[in-house]
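Common to both upcoming complexes is chain A, partnered first by chain B, then by chain C.
== the complex of A and B ==
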């Protein structure tokens, strides 16, 4: 009965929130290129998305491309994104974002022949599984007030909170001892890794938007992210006792690097409800260290540039659908995923007066 | 009495003349129908051309237990296809179709053989890829019960596939490096029956299909002799629910149950321990979105296997572009 009341309440709340308000007309008449960099006052925006990344290449220390498929360690990353934005005023917006991702990386199986038998004596398989929530982002966007709407500049400070632990779960290694029927010893090394950085980080950025004649928008964004302090995590070691793996965790400290990410994009409306976007984005991380190996070792410098093409369709004043294809161009010490992103954005003014018929 | 009768006749005539009539659509308007409002088969003289691109990776599988697991070893593959299709409405109830597929597939698998006694370590790589024309298909569909805005339709169809794609491995460098065949080598037929109803702005349909392959002689592995191969039969049940967001955007939802019997090699379901074949099935959900820009339709969706057994567990992305002449 309580569940029924709750469901009815959620349904009624949903209906009430979805009822039209006078301010809905603002969104109906806005193309993507007309939208300001911050939300309108009272506007609540849900952004959900799914991204599939095919990780079949990486960039090495010299920036050369290495085929992971040839090395037998290609993998797929599935990412689910959720972002909530709210316009406090016409020039102040708050944001909260959280992503969940999953990737499994398999390695070449090792067959070990220690005797002259027809079948291998040992079969060793390695498998690394990366799953979990990324760090949650809390931030704001402040728009600099200008008389003209040809130019917009925003400042966006924020923090990245390690809401979910990034300490990996214990491995799930297994061993199948040989029998007369099956003379091979089969060992599987299955490790677990988390997706979050596990470290409180400060973020600060700025965005510049220029509206050119012909309804073309050009924007540029620069963001800095750096760690607040040294963080702690654990790594696992194991020992085989009979046919059981015994695990022990070793704590270690690490410091995240300083990351600069940047993006330049050009958006133009092909027709009133269909806009195309061409973007170039990049990320560069330097500094930082880790004691995971038992020694303090500086993190390698990491760099990645990506070219994206995408579009957005305004299905209704409230509902926008977007898609983009992201192609890695260059990089250093970094995976080079080719990815496709599908996003749905829903907008409403929940605290505005409803229109009554 | 005569006056009353005459008055009644006049009254009925006047009522009939004032009653609403079903609005007649212009030919151009019919050609701009969305995935919701379009008829079950093309109208007479209409011609539809299109292209569908699919892309999938093979990373995880639905195991025998139904659990979603990563494939054994480091086997990893990509497959995509580009299908050009042409449909023609011979009458308002009969439609002919022709599908020309171009396929691309690549597979990687590697392992290491290590013998410490002789201090040797050998990396074995299995790397195949194939691209080319696949098996062409001809279809005929007939509306047994002709649908309208208010009436449901019942459509029977028959799809026949002919082995135009390469059926044997080619460009064989060695047993591990060769070009993958892009065709099955078999003739197959697939009768289907579809029930569809439009309740504007919604439409829903139920369909069933049975695919039977006649088998062929082909090489399964490089340097092996030709053997008799037969694809397992497939039984497919699907239901579909679409709704319009506005006049030109439709959200599509497909739920498909696909059951496939094991392939047979020389009458058995296993040729080597590396090539076993099993009865398999999956329940696949495909959300999608379709945009109608006048006579052009752009549709895309992602097929997600939800539950199943011995089935690829990764989603398949598809995008389609159509134009009606």
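== the complex of A and C ==
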């Protein structure tokens, strides 16, 4: 995926050298706050990005902050994002998006004594590795026709397709059996999880944009995502035979929860090519269940609020660069990642006539 | 005109979205909410169980849990209330060692003084068998009972067949009757193990790899291994159809008596111990459970996994408890 993002970047850099079209002038004269909520007709937009998240705390069931760093189990998430948008008409846009992410989480090492020895009899480490593509998103954005100079409203239906397997690969547990010199049995439980939800999900949202005097934009967005059906995955069990682990997979069913995403942001152009954005976003997931443990257990309700500050630089009429910093401020039953996102957006009108110099 | 058409398209899309959202809302009311769920539920004489000294557990085809006790017969739990069957209402004896249901749905209760069968609401008694240690209903609905006076008896609808062992006197003391997935019948005895395959008997003792000890419990795990709990050893025995392997118990005690073995929905094995609680084994690591972890007592006499996946622990003195593993 990193290679893919790099190739797209190179491709876009190559395109910047390409000939301009007559409609490029539309983009050249648009600040971020001037842009409509949907792309212009014929406009193709590539978005690539990289996000690094430091997961050093989480919110527990009561909403209290738990420091993972203090327990020595902080982790880093790397996410590579790719999104393609195309303006079918001035008020209809289609989108496709795909992310790849990876994260490794080493949990606190457990030392177990079963005898009265000075050294522990067991040293147990859990290491969970999450890698892979998230589900692919296909959707559209439709502008509601009662547009005014100050207000725009869009509806955005979509679906999330589980094109990539979400079933975890077999674990790679290992054991070091005790010897006279090293009397501790050391076990590492190493799981391989996937990033995808593995479930067809419907998505729907609406965005409300208000243009205030002074070129300040305020927007509010609500998105819903819910599962279309019950999904299947597998869990792994193991057995130790001598010093070798053997594995077997057990199928189970689950139902994703219903997720509501909220976002409110304010954007203002500091100068013509530099805009700053301040935003608050919230996520709430409820319902859903899993039979992973053999019982149909309701998923815990999840909440997360994040405050973001960011900027966008219009490097050229076609190329925009953005960066944002996302700070978790509250939540429940959720990891609290602090993240930085770097995005590059390239725009063109591929089916317009080129200007010949 | 165009605006009207677009408005129509948007309205249609909005309705479509609503429909999709409604389809997306799946029923979730039959789920267990871990935030409002008791991981452990305890049953004692305080809430209707016949006695706090439990000796046997069984589940019938209606999902009722039958609890045998040492001094007050057997108690049936239908999920709401307990019904006690004891000498006062027809049971042969108040000390119950074993319970099983036959193919007709009748409950077989093995007591200190013989066998009582609950046929509808009346009892049939077989006092001549003496104490009944174990009962098994096999794949063919034959009933096997381990008795004080006749070694093992098999009811095959025609009559009783006596499985008395002239070769091995200690093998007539059978604590465990067990059927594996290949339909072999196993006797766990004071003299080792016996396997019956199509009327052919195979002995397993210290001569052919079985580590020895009196057999108290047997269970077959997900992998097909047969686990054997023996008395006063520091290990539990795993038989993989070829070899016996002694797996050291990880609670540090040198002598254990594995009274019972079962597994939970996550395929962890649970070993019930005499006076030392229970041990959960995930395939490579053991974790000890005692009253500190929620068990009603440390003398575990029996463990049962019911159809819903709950683990029931029977204890001597602490009553019974229903536990849902995996929630926490």
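Here is the rule we go by: the second predicted complex is superposed on the first by the 313 of 357 C-alpha atoms of A that agree within 3 Å, B and C clash if a C-alpha of one lies under 4 Å from a C-alpha of the other, contacts with A are read in each partner's own complex, and residues count from 1 in each chain.
In this section, a contact is a pair of C-beta atoms (placed from the backbone, for glycine too) under 8 Å apart; a residue touches a chain by one contact, two chains touch by 3 or more.
Not measured: the values here are computed from a predicted model.
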{"item": "Fit or clash - chain C, chain B, common chain A", "value": "fit"}
{"item": "Partner chain in contact with A:131 - chain B first, chain C second, else both or neither", "value": "neither"}
{"item": "Which of chain B and chain C A:288 touches, first, second, both or neither", "value": "second"}
{"item": "When both partners are placed on the shared chain, which of chain B and chain C touches more of chain A", "value": "C"}
{"item": "First (chain B), second (chain C), both or neither touched by A:193", "value": "neither"}
{"item": "First, second, both or neither for A:174, with chain B first and chain C second", "value": "neither"}
{"item": "Touching partner for A:114 - first (chain B), second (chain C), both, neither", "value": "both"}
{"item": "First (chain B), second (chain C), both or neither touched by A:230", "value": "second"}
{"item": "Which of chain B and chain C A:91 touches, first, second, both or neither", "value": "second"}
{"item": "Vertex chain A; arms to chain B and chain C (CA centroids, nearest 10 degrees)", "value": "120"}
{"item": "First (chain B), second (chain C), both or neither touched by A:184", "value": "neither"}
{"item": "Partner chain in contact with A:240 - chain B first, chain C second, else both or neither", "value": "second"}
{"item": "Chain C versus chain B - closest C-alpha approach in the superposed model, Å", "value": "5"}
{"item": "Chain B/chain C common contact set on chain A", "value": "112-114"}
{"item": "Chain C residues touching chain A - in the complex, by the definition given at the top", "value": "3, 6-7, 9-10, 13-14, 16-17, 20-21, 23-26, 28, 30-35, 222-223, 225, 250-252, 264-267, 282-286, 308-309, 324-327"}
{"item": "Parts of chain B lying in touch with chain A, wherever the complex brings them together", "value": "57, 59-60, 70-74, 76, 78, 106, 108-117, 123, 125, 127, 245-246, 249, 289, 291, 300, 302, 314-315, 317"}
{"item": "Touch list for chain A against partner chain B, complex", "value": "50, 52, 54, 69-70, 72-76, 104, 106-114, 120, 125, 127, 313, 315-316, 319, 321, 323, 340, 342"}
{"item": "Chain A - residues contacting chain C, complex", "value": "61, 91, 112-116, 121-122, 124, 142, 144-145, 155, 157, 173, 175, 187, 201-202, 204, 224, 226-230, 235, 237-240, 245-246, 248, 250, 255, 258, 287-289, 293-298, 300"}
